[in-house]
Structure formats: C-alpha cells, structure tokens
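Heads up, the next two complexes both have subunit A, just with different partners, subunit B and then subunit C.
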Partner chain A sequence: MKRKIALVLIGMMALTTLAGCKSESKEATKEAASPTNTIFTGELEENVTIQVLENDTAISKGYFDELIKAFNKEYEKYGITAVDANMDQYLDLANDGPYGYGPDVLYQANDVIMQYAEGKHIYPLPVEQLDCYSQIPEAAWKAYQVDVEGNTYTCGVPVNVQAPMLYYRTDLLPEDWKSNWDDNKNDVPDMVENWNDMYAYSKEIHEVNPDKYGYMKSLYDVYFSSGFLFSYGGYIFGDNNTDTNDIGFAAGDANKGAWVLSQLASNMNEDCIDDTITTNAYSKLADGTYFATLSTPDTYTTFYDSLVEEYENDGLTEDEARDKAIENLVMTSLPKLPESGDLTEENPSLIDTKTMGGVNGYAISSYTKCPNACLAFVDFATNYEMIKLRNEKLGIAPAREDVAEELGGLSKQMYENLEKGNVVLMPSIKEVGQIWTPGQTFFTDLAKDSFRPESEKKFKDLDALKAGLEDMCNQISDAIHTLE
Partner chain B sequence: MMKKLSVGKIIDATWTYALLLIVAFIFFFPCLWIVLASFSKSGSIYSFDGFFPKSYSVATFKKLFTDTTMYNYPRWFLNTLFVAVGSCLLGTFLTILTAYTMSRFEFRARKTMMKTTMILGMFPSFMGMTAVYILMTQFGLINQLWGLILIYAAGAPMGYLTQKGFFDTIPKAIDEAAKIDGANSAQIFWKINLPLSKPIIVYTALTSFTWPWSDFILPKLLLKEKDLYTVAVGLMSLDETEFARFAAGSVFIAVPIVILYFALVKNMVDGIAEGAVKG
Partner chain C sequence: MRKFLDSSWRVKLSALIMGSGQLMYGCVAKGIIYILIEIGFIAYMVIRGFSDIVGFFTLGTTKADAWLGTVGDNSVVMLLMGIFAWIVVAAFIYLYVLNIKSACDIEERVSTGRAPKSFIDELKELLDRKFYITVLVLPVVGVCIFNILPIIFMILISFTNYGGSIVPPELVDWVGIDNFKKILTLSKFAPTFARILGWNILWAVVSTALNYFAGLGLALLLNKDCVKGKAFFRAFPVLAYAIPGFITLLAFKFMFSYGGPINQMIKATGTAPIGFLDLDAKWMARLIGILVNCWISVPSIMLLATGHLSNRDMSLYEAARIDGATPFQQFRKLTMPFMLFATTPVLLGQFIGNFNNFGIFYFLRGGLYMDGYFLASDTDLLINWLYNLSIDNNYYCIGAAISLIIFIITSAISLAVYVKSPSYREEDTFQ
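Entry: the complex of A and B
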C-alpha cells in the first residue's frame, strides 16, 4: 500500500514539474516575441498613484508642479494621480526597485537609464505609440536602444539634449570689442566665435589684473574636456560606441585637442586641476572674476540667479537686476577650434568643436504596478506643450524637432549639432562607467603640467600628449577587461 | 634656590598654557569658521575674503527654515529629534537593564554571554548593513523612522560594559540589607540602585541621544523619501551651490546637543560626587 501511495505521489510530482516547465516555456516564448505588448496593453490601470522622479531643477523652478497638475487634471476621470517620488535625484533603482521603494517613472540621463536597462530594471517601451515619436531624431532614440538577441528595444523617451555650452557676460567684453574683436563684423565678439581669440582675450584679462580670468573651466571634468579630443578625431568606443576593445581617446589627432586644453589652462589658476571651477563658476561669473565658462543648458537658471543676486547687492532693484542679467548673461554654442591646434596662430583655419553630450529622458521602472498609466504620463510629459513649457521654465534644449524649430536659436542649433554628430552621445553601455577615473587622471595631469617648471613638464610636445592619451586608453581597457 | 624654582614654575606654567591655548585654538577654529560661514551674506564659499566671509547676515538661517520646497530642514530636524529621543529612551532603558542584570545576577552562560557580546562589539556596525537592509525590507520598515529607533535601541545594550562597571561599584551589601528588609529584586533595582545610578543613566542617555543624532550611514540606507531624511542625510543631499545653507544647518544641529549637555551635566557631576561620598 505504502509503495502504491509513493508511486502516486512521485507521478504527481513529475506531472506538476512537467506542467510547470511547459507553462514557463510558453510564457517565455510569448515574452520573447513581444515583451512590450504584454506589459503595455493600452488598458489604463485606474485609481492608481504614479511616483515620478524628476530632476531637482525641474522641481525647484516649479515646472514639475505644473506638469503633474496638468496631468492629474487630464487623467482625473481614470483616477490616475502623479506625485513627486520625493527621492534623491541620484537614486539607486537596482537596489531599491526590487523591494518596491523606487519610483514608477524616472527622469535621468541616457547612460544611467541604459545601465538600468542592462540590469532589466526598466521596461522596453512601445515608443512608436507616443505622440513625440516622429518628432525626435534617430540619434536621440539610439541613445536609448539596446539589442537583445537580434531585437532592438527602446528603453527611454528623449526629452532634452545635454551638451556643453559657453556662458559669458557681455558687460565684461572690452568696450572696443566691435572695432578690435569683431574681425568679420558680424556683431558677435570673436572670442566667443573661436578659441584663438578666447585664448588671446583670456591672456589679456589676466595680464591686466591677475585676480581676473577670461575662460575658466575645470580640465579635470572628462565630460567637458573630452569634446576637445573628439574635435580632432578622438572617440570613446569604436563601432558606434559599442566596441569596448576599440578605445579611441587617442585616435586621429586627438593629441591636438589635449594641446588646446593645455594652452587654455596656461591662462587659468590651479583651480582648473580639480572640480573647483565647476562648483564656483556660478558665483565667479556673477562677481566678474571669470569672463566665460562651460556648462550645460540646464544650469542657465543657476547662473542667472547668481547674477541677479550680484546686481541686487550692487543696489539695483529686483526687476532692474533681472533685466540686466537677461541682457548680459549669454549662453551660446562653443567657439570653433584651430585645425592646427595652435591657439596662438593668426588667421587659423577653423573646425567645429565637438562635445560629449547626453540625452535626458523618461523611463519606466520594471517594478511599477501600473505600466500603462506610467506610459500615459510619459506620453503626456513629452507632448508639444509640456516640452515647450519645460524650455521656458528651465532653458533646456528640447529633443523634439517641432519645439526646437519653433524656439529657434540655440535649441535649433543644439538639435542640428546632434543630428550632424557634433554632439557625441555618451555610450549607452555599462562600460562607459570605466572611462571617468582614467580620464580624470590624465586631464588632471595635463592641467598640472601648466603649473610645473619648464624642466619638469610631462607633456612638452604633441608626441608626449599622444603617449599620455594612449596610457589613458590602456587604463580604461584594463579597467573594463581585466576581470572579465 | 627658591627663586630658581619659581622661575622654573613660571616657565612650566607658560609653556603649559601656551600649549593648551594652541590645542584649544586648533579645535576651536573649525567651529568658529563654520559659525561665521553660516552667517555669510553671499552664501558662497568662493566669495570669502581669505578664510572668512566679507559680509554677514542672518538671511541663510531665515532661508533654512522658510525655503522648504527643495530642502525641508525643519522637517529633517523634527525627524532627527524623533529618532534621537526615541532611541535615547528605549536604548537607555535596555542598556541599564542589561548592565544591571549582568552586574547583579548570577545565571548560567552569564560569562559566555559577556564574552560573546564583547567580541561582537569589536566588529564595526556597518559590517551588517546589507543584512540589516534586507531584514528591514522584509519587516516593511524601510522609510519608517520607527525602524531606525528599533535598530539603534536594539544595538545600544551591546555597549553595556561601562554601565555594568558602574553597577559593580555599588556595594552589594546595600542590596542584601534591602533584601533582609523584605524588598524584592524589582524594588531593589527601582528604589535603591536606580536613584544611585543617576550619573551613568545620564551618560547612557547622552550617548544614546548623540549617536542617532549625528549618524549618517543607517538613515541613508533606510530612508528613501526626502521628507523622512534626518539632518545628516539631508545636509549631504544639498546641492553644491548651497554651502551657506549647509553651514547654517550644521550649526543649528548642534543646538539641542549643547542644551542637553548643559541640562544634564549637573546630574552627572552630582551623581559622581554622591558616588564618591558613598563609596
């Protein structure tokens, strides 16, 4: 009897196991066929609350509040409410998400989102269903694409393009700039049109008053400094930023870019060695210590607020200070570079300056319980009106062509730069995390070189710079491949 | 001879005072700097004239308590106070009970427990952070201030050795006399030993309060929502352009500790004095 019972139980166990296998394999096939269709069915989950993580500037400037109010009004009939996730903007979705403590929708840079995508912490999205789909350039979508077993999935929706911009103050231009610093008579000062004149003007400012500086930027910052290398043929990874065996910071004439940085550093102080200038640029540009610096478009309001405060301290009323700050603070695209890399060359042949950039956008957490409501939020937040409002409130460069076209000016220019490839997007693979430390080491050394006695200089010529860049590439390669 | 001695004494005193002044200045200067920086009018560390601000104002303190859109300092302050007071009350109670038990009662495995706790206490607390995080997620205590209180209070008795040392100094003869008079163990503890233990209770309360008040690692690990941050975590989350707010927040956070210290130090001194007479 016991043997019979045992046989029955074994039979049941075997059947259950097989049934389990069959069901799982069916599910797996279905998932692989179309993962987004099974999740994003189009049926909105009703009476749900979506936790949205936005960046701090969008919250502090009031844009996020307007966005969620407008969304909540539109989706009131479904009982869908969007709220501030009330979390640090640098969240850790990989650790907090699985336990249910992450946001449902997150706004981050493409490299961050794609690292989450590799860990399957965010959903691939049916982006072709979104209102913004046809308006966003292919290059921006590519920043969010990942290939898995021959299928391409898009894991984020681009909102704005981030790339270095030149900030300067018109009231710090020389009084005679129209006659002496505008050779082509186009009413744009030469020092913001090409780096040779910026170098000359920085030198002049610093020689007249050693406490004042022209162009100032932390060389240490790989995000900003690597653009100079890209302009002369450097790149991050080969094969469209996917081949980590081909690291290209030393490729082409990238050493000329390093030389440009080294020449610019010679007119700065030792603050360019670390990130001091990145932190103090807001107050130093406002108090007139610096004439120009590099930063991203989303920091415009911070520069503006600092300048307004400075003018108010000088005795202007708030309105006067605001008007004067709008008039004097200029954010523009980067000056052109000399083809030779020599900033002292007169009448140089000029080339476009390339920059490292990113695309910030929305993604949906894999741990959300209401993916369709989240998708509705992303669709709403990336519609024409909201992106336009985002530009008005935050000064971002929109990824949508229609908004960029209407706004014109810098937004359009940034959009064109992205399409032309002058904005080199950060690779969307996790190995990009290994470029920063070796990069900082090289750029720090390069910055220090300007302050070393002539006999102790490490980078005396272009060959030495090339060797330095190759070392940096080797270090990145070691960091990526050593423990593979 | 007398003259020589007094010259030597003067030199010795001068040298000692000079050294003390230098050491005091080394410790006092950073405090002075942060206090002055918190009153900086410009709010930026980069606009200082050398070490100190060019001009002063109380605007940053005003901003600290009124501009709460991004950084809700008053809320962080109350959260910290709640966690610190809760941990202080519960932690002190548990520590004193543990120490008293270990000091006064003989039971099986007492020595083993003492050795085990001593060895466990040698490991840094952050070693178990991953385990703590996973446990707290299972108990649903992430984003709960009570979760923090429970961890701090539960960990506090691990440091019972100091308190046990104090209870060991109270003569057991007092307990025995009380027992002869008919008092039970609870009465001996509450009515006899506890009133004699004021200094160690104050010491325990102060340390149980200050640890959660200034701790960063545990709240950072367990609190995900900005409105639940403690001051230490909140200050760390400030933007790099918010230096003056950071300085003001750092200065203000010291206020309760200072008040608590001045309010309780008398009890500590009195208690120690009483203990000295009694012994």
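Entry: the complex of A and C
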C-alpha cells in the first residue's frame, strides 16, 4: 500500500510540475478584413446541393417541402438543389462545422443563431442585397448584428417574430360583458384589454367558484414574466443588449412590474409557483378551469386540439366542435398595464405591455462550400410569396412589413409591437444564458410570496421588490463576471 | 543497468537500433518486431508525434477564422493529441527498455551455453506462464484510451484558461495553478464551498448508510423462510431498479409538485398544498432527495446482499442460537461482520457514487440559486455546483479544478476507510 501511496504522490508531483507550463500569450495572426464581399461574390456555384436545417413544424406541416420544390425549380438551370439537412434542431455547428458536418443554411431563433456569430461559425451576410431588406424593421435586423473586431456585421435574415400571446375563451366571458365589461364599447372585453380588469375578473371568477380561475400562468418562467419588468423600464443588458456590465432587470420602475405579477398571483393557486400551469394549461383552459393564460403563437394548435376534444366529450360532432373551438379560442396581444402598477386602481392611466421575444431567421454556415447558392436560397425563402405561404401554413407572425400589412390582424399587431419596441428581443450574446436561473429563482420566490403567511412575506412593498430584483441582477452579474 | 553496462557490443547496439541484439543472436522474428516498433515510432514522431508534443506545450499559435478561410489550431484537440503523443512515447520507452532487457537475457542464456528461446516458445509462454499478459494487454490499452486519457485531459484542463470566452476558435493557454488560486482566494467561493461540502458529506454518509441497511434489511427479510412468494416480492425492487434513474426522478418531481398527486390528495382534505421541493423547502427537499435516492439504490444493494447472504455459514447461527444469542446479537456479531467484510469495497463505491450523485437534485430541484450560496442552491452537491459553474457558465477550467478537488477528497476518504476496513486488514482470513 505504501508503494501505491508513493505512486500517487509521484503522480501529483508530476502534475504540479506541469502547472508551471505556462506559455507566452498568443499573438493575433491576421487582421480581420470585411469578408462579406469576398465571400458573396454573386457568382452562383453550379451543380451543388444545399443542406437546409428547417424548423420541425415547417417540415411536418409541409411548408418546407413546398419551399424547396419551388426553389429547386427556379434554380434548376444552375443545378442547385436544396434538400432537408435531416439533422437535429439542437446542432453544434461550432464543433461539427469545422469537420464538414452540419447544414449549409440553418433556420433558428436569433439567440441560438447568434451564439455562432462571435466564433465566426456563420457568415456575415450582404443583407442589403436581399429582396426583404427594406421590408424588415431595424429592430429585427439588430437581433442578428454582431460586433467583431470593431466592425458590425449582420449574420441572419429575420423571418418571423415570436412573442408571448394571451389565450382566452370567449364562451367563458360573463354573459353581460358587453354592458359591464366593455367600458369603451369597442366590442372587445375589457379584461383582455387591460390587466386591471383581468385582475378584477379573475378575482370575481375565483370568489364565485373557488375551483375556477381567471388568468393563470406559471410565474417562474422568465420568458413570460420578464415582460412585466420591461414594461416599467427594466431591460436585460444595457447598450442595446450588449453591455453585460449593465444588467437592468431592476432598472426604472421594474419593481412595479414585479408587483403586478405578485397581484396576479394572489388570484391564482400554488400551481403558479412551479411549472404545473405550464404543463396543464391546455387541458385546464379547455375544461374551463382557467379563463386565460399566456403562451407562444406556436402552441395555438395544442390549445385548439384540447378544446375540440373537450367539446367532443360534451357531445358535439367533430365539425361542430372544431367550429366552436375556432369561434371561442382567441389568441391576442397582451392587455395594457396600469402606469401605477396597481391592479386595483379605478380608471388607471394605461401603458403598453412589453414582452420578451425572439426573431427566427436564416443564417449561412461558414463551413458551406457554396455561400452564393445559399444566399440565393435565403433570398428566395424570405421573399414575399414564401413568407406569405409560411404564414398560411404555419400561422407565424412575419417580420416582413408588406406581408404583415396585407395579413392584418395578429400579424400586423405583432409587427407593430416589434417596431414600437414592445417586443424586447432576446440578446444575441451568449451571456444571455446566465439570466435564466437567477430570474427563475426570483420569480419563483415572488410567486411563493403570495402564499406565505403575512409575517413571513419577503416582498411586502415596492422597496423589497426592488431589493429582490437587484439581488437577481447581482446573481446574473456574478454568473457572467466572477470567473472571467 | 549494471547488466546493460557489462553487456557486449551486440546488446549495446540494441540501444541504438532496437532488435539488432536479438537479430545477432538469431532471434529473427523478435528482432524484426522490435525494429518495426522503432521504425513505426520514428515515423509517427516525424509525421505528427513531434508536432503534437510541441502543440501540447503551445496549445496552438494560429487562431481559426472561418470568414477568412484560416483553418487555425484547435487548442482542445491539440491538448488531447498531445496527451496521446505522450502516451505513445511512454509506451515506446517501455518497449525500448523491454528490448534492452530481452537482449541482455538472450546474451545471458547464450553465455551460459543455452540456446536463446525461439519465437514460438515465447509465444507459447504468452499462452501459458505469461498468460496474464495476453489477457491484460487489451484491457490496459482500453483503460489507457478510455479512462486514463480523459482523466489526464480533465486534470490538465484545470491548468488552462479553457472556458468562458476562451473556447475554440479562441486559443487556450496554460495558466499554471491560477484556477486553484481563484477557487481558494475568491471570497464568494469559500462560504459556498464550505456549506456545500458539509451538506455533501452528510448526504453521502446518510444516503450510503440508509441505502446499505435498507437493502440489507430487505434482503434479510426476503431471505426468511417464513416469507411466502419471495421471487414475486423481489421483482418489485428490481422493477424500480430497471427503470432509468432520470425517469424515476422526473416522476418523483411530478409527484411532489404543486399539481402532483400528493398535493392533490392534500388539497382534497381541505389543507393548503405543501411546497415539497420549492425554494423554502430546504430540509424537506433534502429528505425527499435522500428517500428518492434510497428508492433508486436499495434494489442493487438488496440483490448484492441476497447473493452474499447465501454464502453464510449457517452452522455459526445455529451455534449462536444454542448459546442463547438473540436475533439482533446474531445480526450484530455474525451477519454484519460477514457482510461488511465482503462488501466494504462496494460500500466505498456507493459512498463515492452518492458523493458525486449528480442526478438526484438536478432533476428534483434544479434551476434555483439560493441566498447565501454562490450560483448554487441549498440542496446542490459539489457535483451540481461544479455543473452550474462549468457547463451552465462555461468555465470548464474551473470545473476541472473543482472536480480535481472532489477527486482528492473522495479518494482520501475512500483510501482511509478502505485501509482501516477488515476487507483490507484481514484480506487473508477468508482465503
């Protein structure tokens, strides 16, 4: 045994010696020059196959098939063929790309795509040459911009906007809503126009029947809850979401947003503390336990299917159930907030509710052998017809103004919210990964606080909420900077 | 060494050209193999070995730039290939020494008037007297590639700045013991480290003891003659064992959630639901973690104990009963020493496994940072904290440094316990 211990000690000594292996600092090898023009010469590579990584829903709903068929027909004369890359959505371009694996063109959310930008794993694009350039708002382009070696590059082309939406059922509205819950007589119920009325209606529903609830949502989810902070002046990172030394979840009157969440939680049950509501919202909205909830536009079909099933269980035929579900299930933008943050205030001055959101789009891998053909594909996939078709097939909210304008309704609302800055896009820097756990902890604590005995409550006033938000910012800062 | 210095020029030539000594004494096949090894080694070093060793020290000098088409160096791959090159060098040195020894042995045989062993005889020896070498070669090579290489890689990573913003294509650099200094001197680290270490040790001791005694108890119970349908009852714990751990953990998470069946039943009685795993539930969450771990681990201990218990010498129990020993005395004086002797190494394995039990609290209560803890929650074990710091926050070098510290702690405890255990001290008793 002594020999073994001696061997272990010798091993440790060898390691300690290695600790001294410290080489000189690296020298920069080449100066970065603007590469866009040298990569995208405009000369199409002929007889090539482009591997495209598309969204799973786009593939399953048949949109992608139509897109590549149309593209392949258009570019047949050059021998350019686009095919499904047939790869997992969670690809690792940084590690796989240099070895020849991975797609040529990828469709992902801006925060995912931009993880690759700093390491130059996706190409900077000559976006001003694209058909969609003038139709897409600056905010959406900014989501794809990256500063590398002092220059700003755009590394993706926005396709559609993703942001939380309010889902509610019209058949769960009070019968007298037109007379008592439509003060401005615009034929839209007040509870989906402002959070004060939503709060009042939620309270009323729960008081009449303790098993029923109005607005319900798991509060721990940073994606959905942080919008309330942004509405009162909060933000993620300063300097256009790029300065990680300035973390702004507690900025301005963000504590009022936290107060709003806390008031909303007081009309919910303990399910809002963990992810229970996130998982059961589809069935609970369908069976009428909940009146309204927040979710993303892509979950519409899940809510719809649950409601159809519920109606069928009630004895309706499939067609009747479908018609009734279309009529009663509404997805709309978020109600307005009271400027004071007080949901019990009579006749409050209202402000827009901001939401955290994202822009999905296309990017081109730096490891592709045919960048010009890929750019042609991206140009084709983001043209007016294709984006319109994408909306028809998938119900997305387009980032193109002309398509949003023509479609009107929700698409237009989303576009306007994006343009007005009401959709706060997720930062396109990798440090955004550090906001989730601290945020989740704070919002869980906030939700839990509504169910603590009065003497044990942590967030009794706005100052306490501010302090809680500052703690959250400090945690994020620690996560980002302590080990730098 | 003495032998080599006193040897003839033939043997000394082997030091320069491997296998030449063997060839000169007529061991052609062996000589050719050694020559081929030397040629292969030189070729490897020329083709890539030397540059891999240089790369091991520099970790790359050219940064990759996909926009400019610069392929560049991948520091992480260079480190790996560097370690591999060192392993090849070490293997060559071993074979080189073997070559000298072999040449000396041949010369000794010849000088004493015996003929050198033929190649066929040596091969036959590998299937007879030296059979252990034949069967061990493949496992040793496998261990070197799949165990030693990653462990050395992890250890070396802790001496670099790999992580954060320094990930390929950025070039990684050696930083000496800076990461260890950071862990020990950073004021935010020490209190969290102490708190988590304290809980981690308590968790490992309690979990191991509970799992062990519960498994042993279950095995003893199902070993009793009076228990009917033993096979049927044994199937249940085995079923729990057969289900993948993370699925069990997610199921338990759901069961203890606010919307889960346990709270549904509590709500049905008109009582407010309980936050079994929420952020105020420090000790309750810890207790649930211990019990859930027990659910997952007890079946394996039960199966192990069932096997060992069947080897007991039942005449000892009969004698004890005649002497008037109570069942508890029999358990304490006969069953426990027997089981501890046989299972101490397994117990240590369980202890280390529990010490580094990542899944339990990651799945049951992940995603929370608590007050008073630096990027950790009050149920996190060191391994979970390590994950938060290294994977979630990308500081691979710090993560490697902490895992090295965990390794030192667990190996020190295990070594101390093992050396004191009857399994080691009375190793010959049962042989």
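Everything below uses one rule, namely that the second predicted complex is superposed on the first by the 444 of 484 C-alpha atoms of A that agree within 3 Å, B and C clash if a C-alpha of one lies under 4 Å from a C-alpha of the other, contacts with A are read in each partner's own complex, and residues count from 1 in each chain.
The working rule: a contact is a pair of C-beta atoms (placed from the backbone, for glycine too) under 8 Å apart; a residue touches a chain by one contact, two chains touch by 3 or more.
Given the structure is predicted, the values throughout are model-derived calculations rather than measurements.
Contacts of A:Ser60 after superposition on the shared chain: subunit B is touched, whereas subunit C is not.
Look at A:Lys120: by the touch rule set out above, it reaches subunit C but stays clear of subunit B. Once chain A of one complex is fitted onto chain A of the other, the partner contacts of A:Thr302 are limited to subunit B, with no touch recorded for subunit C.
Look at A:Pro164: by the touch rule set out above, it reaches neither subunit B nor subunit C.
Looking at the shared chain after the overlay, A:Asp88 reaches subunit B, while subunit C stays out of its contact range.
Set side by side, subunit B and subunit C differ in how many residues of subunit A they touch, and the one touching more is C. Touch criterion met: A:Phe451 reaches subunit C, while subunit B stays clear of it. When the two complexes are overlaid on their common chain A, residue A:Asp478 makes contact with subunit C while staying clear of subunit B. In the superposed model, A:Asn280 lies in contact with both subunit B and subunit C. In the superposition on chain A, the residues of subunit A contacting both subunit B and subunit C are 279-280.
Considering their complex, residues 57-68, 70-72, 74, 155-156, 159, 163-165, 167-171, 173-177, 182, 186, 188, 257-260, 263, 272-273, 275, 277-280, 367-371, 374-375, 388-389, 392-395, 398, 415, 419, 424 of subunit C touch subunit A.
By the touch criterion stated above, subunit A contacts subunit C in their complex at residues 1, 5, 15, 18-23, 25-30, 32-33, 35, 39, 94-95, 97-98, 119-121, 123-124, 269-271, 273-277, 279-280, 366-367, 430, 433-434, 436-438, 440-441, 444-445, 448, 451-452, 471, 475, 478-480, 482-484. Note for the complex: subunit B touches subunit A at residues 42, 44-47, 69-70, 137, 142-143, 224-227, 237, 239-241. Subunit A makes touch with subunit B in their complex at residues 56, 59-60, 86-88, 91, 96, 99, 101, 279-280, 282-284, 287, 302, 313.
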